[in-house]
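First chain A sits with chain B, and in the next complex the same chain sits with chain C.
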Partner chain A sequence: MAITFVIVSPQDQLLYEATFPPVSQTDETAHLREFILFASLDILEQVVWSTRDFYLKAIDRFNDQIIYGLVTASSVRLLLVSDGKSEEAVKNFLQEAYELYVKLALNPFFEPCKPILSTSFHERIQKLGKKYFV
Partner chain B sequence: MTEVAEESFDFLVMIMVDYFLGNDEKRKKVSLKDDLSTRRKVERLEAIGRDIGRRWLEKLSEGTPHFSTELDKVKFICKEFWIATFQKQIDNLKTNNKGTYVLSDKRFRSLLHVSETPDAIGQLEDYIIFPLGIIKGAFESLGMNCEVYGDCSSAPSCIFTVNLKEQE
Partner chain C sequence: MELRRFTQPSATKPTHTTVSNSEIAKWNILDRPLTRSREELYLSTFSFLFAEAVQYLQTRVQQVSELEEKLNQLGYRVGQRALELLCFREKLNRREIRLVSILGFIRVQLWKFLFKKSADYLKKVTDREDEYYIEEEEPLVNRYISVPKDFGQLNCAAFMAGIIRGALDSAGFTASVSAHYIHREEKSRLAFTVTIFMIRLDESVMNRERKLAG
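Presenting the complex of A and B:
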């Protein structure tokens, strides 16, 4: 089961990206998944207006890959594309990733809308990914 | 979670004004208020508040549903945000529906322990620079870039005028 998780700023800049399992030699699929994620940003904007929840569940589909989204109050987007079927795991992962992002936002060394380079954030996301997707 | 006495925070904010805006003698000279270096110092204090406001709003709005209108966002700031930051709600909110909002707080927290003496006229505004920055940062975090002005002529009541800049 291959998962790609990205965090995108309100202006559609990529802030963070992670894949589970970590990308090996199958670069083809990794690039395709990135492409799907960015293509779904338009749909995400439409879905945001249609609901009041911050967790948007499944927003788009491409062949057998499903894209899930979560939007924060400051319009930072957390997106995830998966070809698996465990929607519960994705929902829990996204919510915990959101909490990690908020903790990161409280860090005075973090500037919003800049790429996330914090190693501890990266490690925690990796642990989270292993917990839910491996 | 560790707890900190509220008074220590109030004192810290008060002494920050002294620290960032220079010592008392220079500040009392009203003619220096338009000086470039004074403006820079004011901007610095406000920038600190803005940074804090942005992060604080991110944390506060964790898990709250989306705001469908601009007015909803302003109401959130007037209620939940104001309670969390200044321990009370806004007393009055007015708008002209064209992007200007007037928020009135009758007992503004930062002005409760500060009052003007005859030889220190015009310095009360210095004490709302930092909270003004926090408010501005909160608005920015919700995607509304704006100008915020504070009018504290009738302390401890304070009136904030928020002018939203043109959005994309």
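Presenting the complex of A and C:
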């Protein structure tokens, strides 16, 4: 089953979403993964204030789906849901996605808490997804 | 075409040789490394830019307090980005989740990153739980700013107050920060003026602090 990766602002707005492999019309589980990702936000809120790490490991699970989280220094949340991909790959993916996000955020024209529409960001996230999950 | 015109000319790269537009387009911000050698900006360059910013904002406000508010907003954007970059780059690999440690982080690491020195003092307001202040004798941004008499208590370090607010707020510590002049008298020297950055934290932050303290 596919993997969904989202970036959520501190105010719980969805900033970015990607699926690996890219979502197809026939994939009926896409909305389910979206749903369980958002359902984990409450738990995430508690985890965020209990550790000083960026990477929060597996924070929640739904049947065989595991939700991993990473929170940046400015409280932006990167979440990923997968079924049984190696945790090492997930961790590396999130770390690299975080680095890309920091670079993006340094752009003076970038507005935090606005949806991320940058095509080059999207391309690089897709590349990362291929690198770790295919 | 030079992209970073105002950096130290330490490594004299021939950047002014013709670079085609396609090459610049290839040089995407997402491809550039975050770790780089410390680059410095000339103080005069910054001062000119800052003075222009103040003058520009001045034409768009009615009152001194509005001007300070605008400067604060300008600094907020700097604070947000500085926090994100610094926490990622300095290999700390740690977020700050406690109030005292984030204030210390701002006083030392953030200040050093921006101004090459840590702030003079960080103090707690006596008998107020939610108020702290950072004291700075000579804020860098004010070095070449002289405030006309009819501008009252305008302190252009409101920009720096905005930086503090931006860093605190994005780390999850909602606060209001303002810059003020304070006259100090000490026996050993003449009366002098310092700037203090008054930090008043939001109630939600204090509630969370109490919970974390157990």
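Quick note on the criterion: the second predicted complex is superposed on the first by the 130 of 134 C-alpha atoms of A that agree within 3 Å, B and C clash if a C-alpha of one lies under 4 Å from a C-alpha of the other, contacts with A are read in each partner's own complex, and residues count from 1 in each chain.
As a working rule, a residue touches a chain if its C-beta (ideal position, glycine included) is under 8 Å from a C-beta of that chain, and two chains touch if they have at least 3 such contacts.
In this text, all values refer to a predicted model and were calculated from it rather than measured experimentally.
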item	value
Superposed partners chain B and chain C on chain A - clash or fit	clash
Chain B versus chain C as contact partner of A:108, first or second or both or neither	both
Contacts of A:86 with chain B and chain C, given as first, second, both or neither	neither
Which superposed partner A:100 touches (first chain B, second chain C, both, neither)	second
Larger contact residue set on chain A - chain B or chain C	C
Which of chain B and chain C A:121 touches, first, second, both or neither	second
Doubly contacted chain A residues - partners chain C and chain B	10, 48-49, 51-54, 71-75, 98-99, 102, 105-106, 108, 112
Residues on chain C engaged by chain A in the complex (per definition of touch)	28-30, 32, 34, 77, 80-81, 83-88, 93-97, 170-172, 208, 212
List of chain A residues in touch with chain C within their complex	10, 48-49, 51-54, 71-75, 98-100, 102-108, 112, 120-121, 124
Residues of chain A defined as touching chain B within the complex	10, 48-49, 51-54, 71-75, 98-99, 102, 105-106, 108, 112
Chain B to chain A touching residues, read off their complex	51, 54-55, 57-59, 61-68, 141-143
